[in-house]
Structures are given as C-alpha cells and as structure tokens.
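Below are two complexes that have chain A in common, paired first with chain B and then with chain C.
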Partner chain A sequence: MAKSPKAIFWLLFAAGGTVTAFVLPVMILVTGLAPAAGLFSDALSYETMNAFVGNWLVKIILFGILSLAAWHAAHRLRVVAHDFGIRADTFVAQLAYFMAGIATVLALIALLAV
Partner chain B sequence: MSRNPYVRKMSKTTWFLTHGRYRSYILHELSSFFVAIYTGILIMGLLRLGSGPEEWAGWLEGVTSPAGIVFHLLAFAFAIIHTVSWFKVVPQAMRIQRGEDFVPGQLLVRAHYGVLAGVSVVVLILAGIA
Partner chain C sequence: MSTREITLKVLRYRPEVDSKPFFQTYEKVPCEEEWVVLDALNYIKDEIDRTLSFRWSCHMFVCGSCGMVINGEPKLSCKAFLRDYGKKITVEPLANFPIERDLVVVIDDFVEKLLSVKPWVIPKVKKSLDDGAYNQTPAQLKSFKQYSMCINCLLCYSACPQYGLDNSFVGPASLALAHRYNMDSRDVGRKAREDVVASAEGIWECSFVGACSQVCPKDVDPAGAIQQIKITSAIDYVMSMVPGGK
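Moving on to the complex of A and B:
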C-alpha cells in the first residue's frame, strides 16, 4: 500500500476539531470576553495566571490544546482556500502547515518560559 | 468525449452562497479562521505572560480593546458553530457496536454535550465563579 502523509494531517485535523469543540467556547468566554466584562479579574491577574500556567499539568494540557487547534485550523484553512477558488493547493498546504509548525514551536517556547 | 460537454455554470468563488446546505458548510469551515487567530492571540498572551507583569497587562489591554471585543464575540459565535456542527456528525464518525446493535447515534451526541457541559463547568470553576 502506498504511504501518504495525508493520514497524519487528517488525524491532527480530527483530533484538533474534537478538542476545540469541547474547550474553545468556554476558553473564549474566560480569556476573551470576561476581561472586557470585568469578570474573573482575580483569575486573570498576573500573579494567578503565572502560578496557574507554572503548573506542569496545565502546561501539558495547554500545549495539547494550542498545537492541536493550530493543526486543525491549518488543515481546514487549506480546504477553505480551495473553496474560495484558490487552486495553488501545494503552496497553500505548505504555508498552512508551516504556520501550524511555527505556532506549535511558539506555544512550546511560551509555556516553557512561564 | 462528448462534442458538447456539459459545463455546470458555477462560480469558483461564490458557489457556497447558492444553496442553504453550502452556506451552512462554509459557515462551519470558516470557523477555522477564528480558531487560528484565537490560538495565535493565546500564544501571544502566554509569551507576554512569561515576559513580566507589564507585558501581561498590555496583552489584557489588547483583549479588552474595541477590536479585541468584536473579535472575541465573533470567535465565540464561530466556536459554537464549530462545536454544534462537529457534534452533529458524531453518529456518522463514531460507530460503537454493543452486541448485535450499534449504540444509538443520538445517545452519543447527548454524551458529547454532557462532556462539553462538564468541561465548561470545570474551566469556569478554575476561573473562579460557578
């Protein structure tokens, strides 16, 4: 059977889609909308966030969420580009997966630095 | 090859506006744009968290700016669209056989919403309300 890297990208897409489906609504609520609404200001203070992200379990979970979300979005944006009439799929795919790779590395660096 | 092949008249760039089914398809596909930007914003936040209190305050300022609020409102709406459309295909994507029969698809969908509620409550408790 011919080997294709397609399966890997699809697996990351599917895993990321599942993880984001469960966690993204509440995460956007807490980190995106709550600050403007004045909610959770204690939890989002520098001291609390620093201690929270300093926990190794939290680091591992956040790395999983962020990297899978990036690979999920990259694969889907590749398809969206095709849907919008862009036919340079090889270039689009390389760009999308490159960006997801960058996001993965940056997430790792950021989490290790906290 | 037919001499006069049928070519369906369909725009390459606006085809998804022509049918309700296509519109709902492109809506949940476009959620990926917001997932990507939100992920980027969060990674930026973590990078700035590691650089000290002033940097973190600067990130929070961006989130609470008018543009930040508009983006996160849209991102929240598209996250819901993503979740609902993702759970909708669970019966097709997840076939669990129990003895002779398959576990009913709607039961699996309800289980997913149950887990979603559980995860959301845990995150809200961690954030300090609920």
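Moving on to the complex of A and C:
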C-alpha cells in the first residue's frame, strides 16, 4: 500500500485546528463582538487597524491564521461528509480544498491590498 | 437461589436453519446479584436452551473472547454486571463483523489486519539467548505499556463508525498495536510498518470519532495512538519530499 498524500492536508488541518481553537475565538471577540458592543473603539478605529495590518509581521501572522483556518474547515467538511456516509471522497475533497485554496488566495490579496 | 429474574433478548442465527438473524427472548432467567451478562447466558445454555452459541473463556476481562453488543453498546459480557441494567437486556453479536453463529462472529478480517502491521518486536540486532535480555528503563516501558494492554476483544472495531462504513480500514486495535511496537525502544520496525500504517486505509481513514477509546475495556486509547502516529507519519511524508530528506 502506498503512503497517502492525506498527510499534507492533515498537517494543515492539525495546524488550522490549533489556530481555530485558540486564536480565532479571540479574533472574533476582539475584532467583531467587542467593537459592536462599543468596547475599545479608539484602538479599533479604521485608521489604527489600517496601520496595524500595514505592518509586514502582522500581515504574515494574519495570513497564517486565515488560511490555516480555511484549510482546517475544508478538511473538517471532508471528514464530516465521510462520517455521514457520503462515499464520494475524491469529489468532496477536491471541492473542499478548492474552496480553501480560494480563501487562501483571497486572504493574500486582501492583506497585500492594505 | 435467585434474587431476581430478568429477560434476555438475544440475537440468534444458525446458518443451517435460519435464513436471517432473529431475536429470541428468554424470559424469567433467574440471576444472582453479582452476576454478569455472561453468567446469564451460561445459565440459559445450561438450563434453558443448549443450542445457544457464544464465545467465552476467562470470565475476568483478560482473554477478550466474550465481546458482545449489550443494549446497543459493545461490551465484554464478563464485565457487564446485570445490576447495572434494567430487567430486560438485549444481547447482539459484535457489529461490523459477519455472524458465524448466534453471538459468534467471524474475525478473520481482523486477524489478517493485525498481522499486516507486524505486531512483534523487530530488533536492530538480533541477539542470541546467550547474549542476555534487551534491557529497558522504566521510562522506556512507560512510553508504550498502555498500548500493550490490548486483548484483541474487538469492541473497538464494533464501535468504530469508519470500519462500519468501509472495512478496508486497518482499524483501531491493529493501529494501536503498531504504535505499541513503534514506541518500543527495542524495536526499529517503524519504517517496515509504514506501508500499511500510513496508507489511505491505515491511520488516514480515521476521523477521530473516538468511540474505540470509549468502549475499550483495557483503557488502551486506540484513538490517541492513531493521532500520535498521524503526527510522525505526516512529518515523515513532508521529509520524504524535501531534497535530501528520507
């Protein structure tokens, strides 16, 4: 039996899982829920955030968080489909990873545009 | 002698007379307080219906022969105390295996898979008996001891939804035992096991549902073992693609 290339996607999934579990909830709180609740409005003003994301280190970190979370979600969807007994793994995998690929490119474009 | 009476609903299948499995109900089976499901089955076999077939041997969770699905959950019937259940108990053979007869299943597929992962120590240098034992520190023993507790009872295969969906999956116990030998300081067989262990039918078929570890009567934690193999195998895979990596 040949070694499976699933190893690569699993590594992205595992790394993305860590990011999704530890970083994403905080990101959603800080950049989404908190401003909506009127908290730290000065720190999260458009000008401040624009300058913050303009930093290369921040761009790299944000790209890592966003793309890994997308690959995590893609692999999770593939596995969920499998668990539900959908036996079209190749198609599901291609679709899920294609979407993760698009999300990765979009994240890259959005960050480079700042 | 009896302290209470229970009803046992048992899945029967005798291939020479039954076209398909059916439930047979044994009512008013007298039981002692300390009895397990296996005791009740033995009472039925001795006193009520001697045609009932099931496997058992040690009656003390060591041999791994008496695995059955009791009230929908894979259990060793020698470890399933009647007092933990209601008055009516349903007993079925292990799921995901063909039924040979009544509660006896055909386990050939598992045996083949177990052998495919080479579950024995592959030493770097083979010593003769005169050279003495392969020494090991307590810490080295601890790294794999948990996985060596497996008694091949197959409750994990019965619980595993992946094996149920596609039985080409190598499965929890076999992979946990592969890990047991991979982690052994006396063993250098990890590469030899990778062909099966790191294939699509090996660890990568596992989606970490974790049912195997929940039903394991010996706390082996096959799901944990498989995740640990995933890490080393994924690193191996990446390294094999790097120029100069192996």
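As a working rule, the second predicted complex is superposed on the first by the 111 of 114 C-alpha atoms of A that agree within 3 Å, B and C clash if a C-alpha of one lies under 4 Å from a C-alpha of the other, contacts with A are read in each partner's own complex, and residues count from 1 in each chain.
As a working rule, a contact is a pair of C-beta atoms (placed from the backbone, for glycine too) under 8 Å apart; a residue touches a chain by one contact, two chains touch by 3 or more.
These numbers were taken from a predicted model, which means no experiment stands behind them.
Chemist: In the superposed arrangement, does A:L57 touch chain B (first), chain C (second), both or neither?
Modeler: Neither: A:L57 stays clear of chain B and chain C.
Chemist: So, does A:G85 touch the first partner chain B, the second partner chain C, both, or neither?
Modeler: Touch partners of A:G85: chain B and chain C.
Chemist: In the superposed arrangement, which partner chain does A:T20 touch: chain B (first), chain C (second), both, or neither?
Modeler: Touch partner of A:T20: chain B, not chain C.
Chemist: Which partner, chain B or chain C, touches the larger number of chain A residues?
Modeler: B
Chemist: Could you look at A:W10 and tell me whether it touches chain B, chain C, both or neither (first, second, both, neither)?
Modeler: Only chain C is touched by A:W10; chain B is not.
Chemist: Per the definitions at the top, what is the overlap between the chain A residues touching chain B and those touching chain C?
Modeler: Looking at chain A, the two contact sets intersect at 79, 83, 85.
Chemist: For the complex, which residues does chain A have touching chain C?
Modeler: Touching chain C: residues 1-8, 10-11, 14, 79, 82-83, 85, 87 of chain A.
Chemist: Quick check: in the complex, which residue numbers of chain C touch chain A?
Modeler: 161-162, 165-166, 194-196, 198-202, 204, 207, 209, 230-231, 233-234, 236-238, 240
Chemist: Mind listing the chain A positions that touch chain B in their complex?
Modeler: 17-18, 20-36, 39-40, 42-44, 46, 49-50, 52-53, 62, 66, 69-70, 72-74, 76-77, 79-80, 83-85, 99, 103, 106-107, 109-111, 113-114
Chemist: Which part of chain B faces chain A closely enough to touch in the complex?
Modeler: Touching chain A: residues 11-13, 15-16, 26, 29-33, 35-36, 38-43, 45-47, 49-51, 53, 56-57, 60, 63-64, 68-69, 71-73, 75-76, 79-80, 82-83, 86-87, 112, 115-116, 119-120, 123-124, 126-129 of chain B.
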